[in-house]
Structure formats: structure tokens, C-alpha cells
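The structure under discussion is supplied below as C-alpha cells; questions concerning it will follow.
Each chain gets a letter, A, B, C and D, in the order it is written, and its residues are counted from 1.
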Amino acid sequence: MCRWLAYSGSPVRLDDLLFKPKNSLVVQSQHSKMGATTVNGDGFGVGWYGALETPGIYRSTEPAWNDRNLRELSALASSRRVFAHIRASTGSAVQQTNCHPFRHGRWLWMHNGVLSGFPEMKRDLAFAVDPALFHEIEGSTDSEMLFFLALTFGLLTDAPTAVARAVGLVEETGRRHGIEHPVQMTVAASDGDTTWAFRYSSEGRSRSLFHSTDVSTLRAQYPDNPVLHDLSEDARLVVSEPLGDLHGAWREVPESSCLIVRGDQEEMRAFSPAAP
Amino acid sequence: MCRWLAYSGSPVRLDDLLFKPKNSLVVQSQHSKMGATTVNGDGFGVGWYGALETPGIYRSTEPAWNDRNLRELSALASSRRVFAHIRASTGSAVQQTNCHPFRHGRWLWMHNGVLSGFPEMKRDLAFAVDPALFHEIEGSTDSEMLFFLALTFGLLTDAPTAVARAVGLVEETGRRHGIEHPVQMTVAASDGDTTWAFRYSSEGRSRSLFHSTDVSTLRAQYPDNPVLHDLSEDARLVVSEPLGDLHGAWREVPESSCLIVRGDQEEMRAFSPAAP
Amino acid sequence: MCRWLAYSGSPVRLDDLLFKPKNSLVVQSQHSKMGATTVNGDGFGVGWYGALETPGIYRSTEPAWNDRNLRELSALASSRRVFAHIRASTGSAVQQTNCHPFRHGRWLWMHNGVLSGFPEMKRDLAFAVDPALFHEIEGSTDSEMLFFLALTFGLLTDAPTAVARAVGLVEETGRRHGIEHPVQMTVAASDGDTTWAFRYSSEGRSRSLFHSTDVSTLRAQYPDNPVLHDLSEDARLVVSEPLGDLHGAWREVPESSCLIVRGDQEEMRAFSPAAP
Amino acid sequence: MCRWLAYSGSPVRLDDLLFKPKNSLVVQSQHSKMGATTVNGDGFGVGWYGALETPGIYRSTEPAWNDRNLRELSALASSRRVFAHIRASTGSAVQQTNCHPFRHGRWLWMHNGVLSGFPEMKRDLAFAVDPALFHEIEGSTDSEMLFFLALTFGLLTDAPTAVARAVGLVEETGRRHGIEHPVQMTVAASDGDTTWAFRYSSEGRSRSLFHSTDVSTLRAQYPDNPVLHDLSEDARLVVSEPLGDLHGAWREVPESSCLIVRGDQEEMRAFSPAAP
């Protein structure tokens, strides 16, 4: 399994997100508190939107805690929208093309969880991917396959529906292969303007997912915390697990939900798989 | 493109094959004389048959000339049958799962060349792979796909026919996609007892391929060469380019041929694609 | 800190040592039970004596649990004497030249622990290394420096005295720099025939160290355990922490001791630093 | 040996420097035209000054032509002052700590060439380094040692004199060890405001070094070249070999010279070693 965070708001230095919090993602890479695995050392990745249409991605097979280039890069890069992910492989190879976030044009995608029985389902899922997209699949993970299925089902125009159909397809395929609970996921996707975060599992016991409460409330509670004062009103974080123990700072995303973050607007919707 | 060698005969230390010849494979990784590219620095791999049913493989994304572990390993490992490959990527990612040789059970496979138009053909080719084998595809190269097609068409029972049908399928698929010359290849395959080496290209201008002449002739010509005296009578090498300039040591494998090496027996057959 | 094992006895396949035990070194790389750190993911190394004078070493900056080449290599290599080490850096860079075991001619050396205040002491210690050996120092760790000091003080002819003098020099140097407890170590060294294992710390609270009891006793107690039956009478293991929970299989090496293993002979000596 | 470039001027995207020129540094990493080695595939590094006091460095052991992260990073980062270096090792390990540029506080340093007889001289040179700096030496190269000697002799206050004394020390040390031509170098150093470039060798046959002529002249000659129009008047490049074949764009730096670039001011001085 894995851990991830999705930030949007005023430009932040990447290292403020990745290294400085008490329970930062880099800390979690060695000692996750709420993850299915405590060690998430099978590579990592960061995606950030900058001056170009296409977001940049930096992905490495090293454990995040060891990567010196990540420290350098994240001290000099700032962004209004950052995806970061630390990986604990559920079996597929540790290689850059299996590191999250995955990218398609302006879109980023990352996943914590697993498609159970993926080896059995892989061929069926691969052939459900839009033929025009097929050759873009570079790695061998269930996570990237789920991304390409979502793209196939219209991620670019209606993200919640596309993910619902992708999940529906995986569940239907899983059932055909006798897999009881095919999907376990928290997923984040973004087009650079909006972030969609999904929490869902076939068995209804999904991996943890939290989002930050609004910054002004926190600021009032913690008048002395300088980090909070640097953030804009619309700053929002969605995370696998809280980055520290600021009480009231984090709210759990409910089971079977989709959280949509656009500017300072958050919308929580119910999420359920749809017929593909 | 790439360079490779396939050895069979009395046990040799791997470094005698990889490092010691004047134009060794490791030398070729920086300065190939006959390759389509002079630098073959996009990873490498070695496969060798030892005490186990399954051959071992050591594959790395570093240039072969830099890999200290390869020097260590190859000084201590000996084998009666060795495959070695240095890679120059034609576009797919530099990662271990894209390094040759590829393995399936007791079989090894390596390839120099390219399937032109592979991105366009990839989905069709993947669909033609035996569904029971599909999930074993770990990388993203044309070379591994060709291996899985050959496995699908019966590599384990009749290698020349299986490769002919695999090549036939790629050419047929290529034609459907408007690709003039889909296949460019020299390929080596082995089950641990026999080596099959193929030289073929759709355009009839295949990458170079050579095989060694028999050792006793060479020994008579070069009575003072100690390397030759350590080799058994049945020692045979098939190589992308000669490992040195011993005159009379190397014979070109003709265009559209399949060379079969079993013990000290060599058989040269014509090779042409077959209907899949 | 780190974890290590030193094996001597009848030839074993490396994977029998590294992967198969219940609490194998590779398991410990993610979840050490007794180490100063639970995760030992900052590279690893294996050294093994084979047909050559010089032992082979395979060292990698990847976490041991991820390294596919280690699985391949260790399934095909057997040895009568194996050193293996998983690293948790105490600050120096994660690079092959900082991975243990270190080698000098026929000798191997590995270390768990730390020289406290090493940055302050480094120049003085480096200056004390035999000038003829100085340029052989390739990495930047305290562990390698300790090895070169031991070499300087006669490791090749009298290992216990040489290590005592090396430790004595570090403590003396540390005191000059105001460091309270300069040395924390368990160390293993071998010349290919004998293994010396040291457990010592300036503060008298050394990292854990165990050695196996004799195999015939264990075999009598566990008549059904196949692993034990494959081992020769003289098989011995020295380990940072037990590889499993076979009661009676492991004995703690006492504080301030040197254990000498030669064939099936074990000798336990008191160890204390000596004037350099 | 190696190849490098040093840019100063209006902010440029790093990929405009590294990837887009016809004979870009990344092209040179596979096919250098004027280098002592054609392949410079033993790692690379980029240093760039951004919003922080300290410049960022991104260094990797992969060949520059393969590093996907370099493409990502260099498309999103811009800087007024960039150092970039591709490495061909002259023997020391391929590891990040041996990749250039090296950094000390606000300073960057990179080197093409070799200190001949470095293994013999290494201890003497190391002990000439300021004891307060000694522990900062992280790698094992002659290039980093030369940097620390220059720092020792006052690089921060008078760069040309400090480098002259460092070179003087190496030559004196080399003579003591019977080395005929100890120093072969082109070096670039910067404090973020000024760039110093040195071309010198003990034998008077130094590696190639060029600097760009002023942009306005070029712009007049090549009115249609868009790259030139994006650059400010004060844009300056110093390079191991020209990045393309724009006639009149490049001037050779003479033997035994120091070129000083500050804003649009260039000063060429004679350089000769000084007594340390």
C-alpha cells in the first residue's frame, strides 16, 4: 500500500509539504502510523503544476527518506498544486514507471490500495482501455491501469462518473474471476484546477483518508503557528493520514465518498461504482 | 539497438566472456564497431545456467562498463551456457524489466533490433499473446513482446516454427498499420540445452550476427593463445559482433537464417516468417 | 545502525541464509526486532568466499527487500563463508562505497553501530591510517575508517590486538574532542579461514550480538527440522539478532567480548581497548 | 574526462541550455566531439541559483541522456546562473557524491580533467585541506579535492589567487611523488554573482574551453534565430565545447587563462600556479 497527499492553495515550497510537518510524508515513508504497511520505501513521486500546461513529475525508486535530489528540488520549487506519493509495492516491480503520480496531458493520478487478483484480471482490464491510449501504459501496476480505465470512461470530462465506471468495470471483472473484494482504493486526480479524491473499497473497509479543515478556523485556534499564517484561505490538503496532531485540523473523508476541491470550495459526494 | 552474445560449452567464468576479450561486450557497451548505435549504455543483463532448473539473471539499468557488481559476480560465477546483452533503448524506459535476457521457466530470450511502429501495433500484439501468459509481461519493450508471442506459438516445443509464426504475426500486424518494415532482429533463445539464433529483418538488411568456428581449428592456428586451450571442443559463441580480431575465428550468420547449436553440433537453416 | 550475519561451515546457498529464515536478514531490513532502528533500508551488501583468493562482494544502495538481483545471485551462489549486512545510515551518503562488507585483499569487515562525533574526529582518524593504505578508502563512513585503522594496527597478523588498538585510538581521539562515548560497535572480520566478532561500546551498552550453539545439539532437539540436517557439524552463525525462534539455538555474545570462530572451534575472549 | 557549461544572464529554462542546442550537453554525453572521451556517461549534475541563498544541485549517476527526472526538472526550473556537468570517470566510483558541481555554501565548482597520480598524492592533499573543512569532503574524486584546496587557500575572497595556490600545491606535491604533469583542468567556480573559469595544465596542453561572444553581435548576424532573441545582453556561456555551429559565436579561452564573467563584463587574465 502507499501514502499520499494532495495540496492546493497559495504557492508553497515543496519541502514545506514534504519534509517539514511532524508526521510528513517523508516521515511516513519509514514509519506510517495508519498505513497497511509501516514502511513505504518502494519509490515515491511528486507532481507539481508550474508555468507550463503540463505538470512536472519527479519519480524515483529510492526510498523518499534517502533521496537527496528530492530535498534539493523541493527547496527550490513552489507550486499552487502538488501531488506526492510514497509507495509500498503490492508485488509489481520497483521502477520509475510504477511510481505515482501518473500523468496524462494535464492530468495527474495517484492511488493507495490494491486491485486484488490483478494478475488474473490484468488482460481483461487492459483490453477495456481505449485502444488510442493503450500504448501510453508504461508500467505494470494496478494503479496505472485504473487510471487508464478512468481516462477511457471520460475522466477528462466527468471525473466522478468516469471513476465510478472504472471501478464498476474492475468489480464486474473481478466477480467473473471469482475475486471477492476486487477494489481497495483511495485515489486523487487533478486537471490542475480541481482535485477529486475518492475513498472506496469493495468490502467497505477502505484505507484511511483525511482532508484539512479551513485554514482560518485553525489560525484562530493556533495564533502562534507560523505555518498556518503563510497559507492562503483556500489552501486545502487531502492526505492518507494527518501530517501532525493539530486537533481539529483534519476530518476523515467518509467511506464511499468523493471529495471535490476547487479553490476554497469543497464538496463531498457519495461515491458508488457504476455499470461500465 | 543492442549487442549480445550467447555462449555454450565447457564451464567458463563469466568475466572471461564479458570483460577479457579485446572487443568484449563491455567494451562494445561504450564503443560498438558494428552496431546501429556506438553506445549501448541503457542497461544490460546476463543470464546463466547453474545448478538449478531455472537460469539466473542479473540485470541492471547502469551502463555495463560501470557496474561493479557485474565484475564481482562474473569473477565468481561459471556456467556452461551464458547469455549476455547490452542495451541501447529505442524508446522504452530504462528499467530492469526492460533489460534482456527475458526468462520464462527454463528459457532465456534476448533481442537486438526493433519492431518498427511498436506503439501502434502494441495492443494488437498484446492481444495475440496467450491469455495464460499475459500477466507475466513485466516490461514495456517490443523485445519482450516478441518473446511472449514466440511462447504463444510454441517456442517450448518447436522454436524455429514458433519464432517464424511470431514474426509472421508482427509483419501481418505491421502491414495492417501501414508499416513498411516491421521486423528488424537478431534473436537468441535457449532452453538450457540448445541455443537458437535468428537473423532476420523485413527489409532484408539485418543487424550483424556471427558465430565462432570450431575451437580445434583455431587452436591449431594459434598454438600460443591460452584462452583457446581452456575451451572444450564443443565451445560455441554466437555474437552480434566479433569479440576480437582472430582471423578465421568468426563466420557471419547469413540473412534470414536460424542457427541451432546443440553441444558441438551446429545446424544452419533458412528462416522465413510463417502465417501465425 | 545496521544488522549483519556471519556464516561459516559447509557450503550453503546464499538465499538459505538471507531469505529463508523466519526472521531473515531481509525480513529484518524492514522490521528489525532488536535493532536501534526498525528499518534498515539504506543499502546492503553480501561478501562470500568462492574459488578465488579474493572474496566476492555484492553491494547495492537499494533496500535488500527490493533487490531482484540479490534473489537471483543468492539462489545460484554457494559458499563456506558468508558475510551479509543491511544498512541504516547514521548520516553518511547512501552509496555502494558506503555499503558493508568492506574488503581488503582476502579480508572482509562489517560493522553495526556508530563512531559518535565522527565528523569532528574524521581528520585525526584519517591521519592515523597507514599512508600506504590511505588511498584505498573509497567511502565516507565511520565503519570503513575503523576497518582501515584496524588494518593499520595489524589486523592481518593479530586481529584482536589490532581492533583493540583501533578502538583505543578512537576513544583517545574522541576524548580529545570532548566526546563522551565515542565507540558503539559490533564488528565482524574474516580472512576467509577464521571469523572474529567483537561486541563493545564505550558506554558498556552495546548493540545486540548472538552466536549459534552447536548444530548437533540442535539437531537432537529438533529431529524434524530439515534445515539443521543440511548443515555440517562445524556450521556457525554470528548474528545481530536471532534469525528465528528456535529455543536454545542462540547465545548472546557478552559485552566487551571477542568471539573467534575457526572451523567448529569457538573461543570467547574478553575485549578491551588498548593504547594505540 | 568530462564536459561542462556555465551560464549567466537573464533567466533561462534549464532545458533550453541542456537539451535544445544542436550539440547540447546531453548530446555530448553520448557523442562529445572535442572531449578526451566521446562518452560522458558516468553521471551528471546541474547546479542553479534560485530564490534561496544556497544554489540547488541535482546530481545523478545515470547517463544524462537517460534521466527522465532531468527532463522534468529542467522544463520547470529557470535560473539566472546555471552550472551543468557530464562526467566520464577517470577511475573513482560512479556515485552522487562524485558528481559535479560540488557545493560549499553559496559556491559551486566543477572540473574537467584529471590530477594525474591522484592516488599517490591523495593523502598529502587531504591533509593540506583546512581542518575545519575536512569533514565536508563527501566523495573520492580529485575534482572535489581541488575544490577544497581552493577553499582552503581563500576561494571565497580571491578566487584566482586561491586557485593558483591550490594548483601550485598540487604541482609541488606531484613533483615530490615523481609525477611529470600533475594538473589537467578546466574549472568553473561561482559565488552566484561572478563566474571564474580556468584553463590550465602542467604540460601546457589543456582541455578545450570556449566562451560565447556578446549576444547583440550574434543577434545582428542571425536575425532569424529565436533563441538569441530571448537572451539578455549580458547572457554569457562558458563551455567545454561549442553547443552548435553558429560561426562567430564562440571564442577559445587561451591556455593558462582565467576568464571572469560578471554581468556583461568579461575579463581575461593570465593564470599561472602560485606557491601555496
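FYI, a contact is a pair of C-beta atoms (placed from the backbone, for glycine too) under 8 Å apart; a residue touches a chain by one contact, two chains touch by 3 or more.
As the structure is a prediction and not an experimental result, all values here were calculated from the model.
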(message) Quick check for you: after a Cα superposition of chain C on chain D, what is the rotation angle, between 0 and 180°, in steps of 5?
(response) 180
(message) Interface check for copies chain A and chain D. Shared numbers divided by all numbers used: above half gives same, below half gives different; which is it?
(response) same
(message) What's the distance between the Cα centroids of chain A and chain C, rounded to whole Å?
(response) 41
(request) Provide the list of chain D residues touching at least two other chains, using ranges where the numbers run on. (result) 68, 93, 96
(request) Show which residues of chain D lie in contact with chain B when the two form their complex. (result) 30-31, 38-39, 41-42, 61-63, 66, 68, 89, 93-94
(request) Using the touch definition up top, name the residues of chain C that touch chain B in the complex. (result) 48, 50-52, 56-60, 68-69, 72-73, 75-77, 96
(message) Help me check something: in the complex, which residues belonging to chain C touch chain D?
(response) 92-93, 95-97, 118-120, 122-123, 126-127, 131, 134-135, 137-140
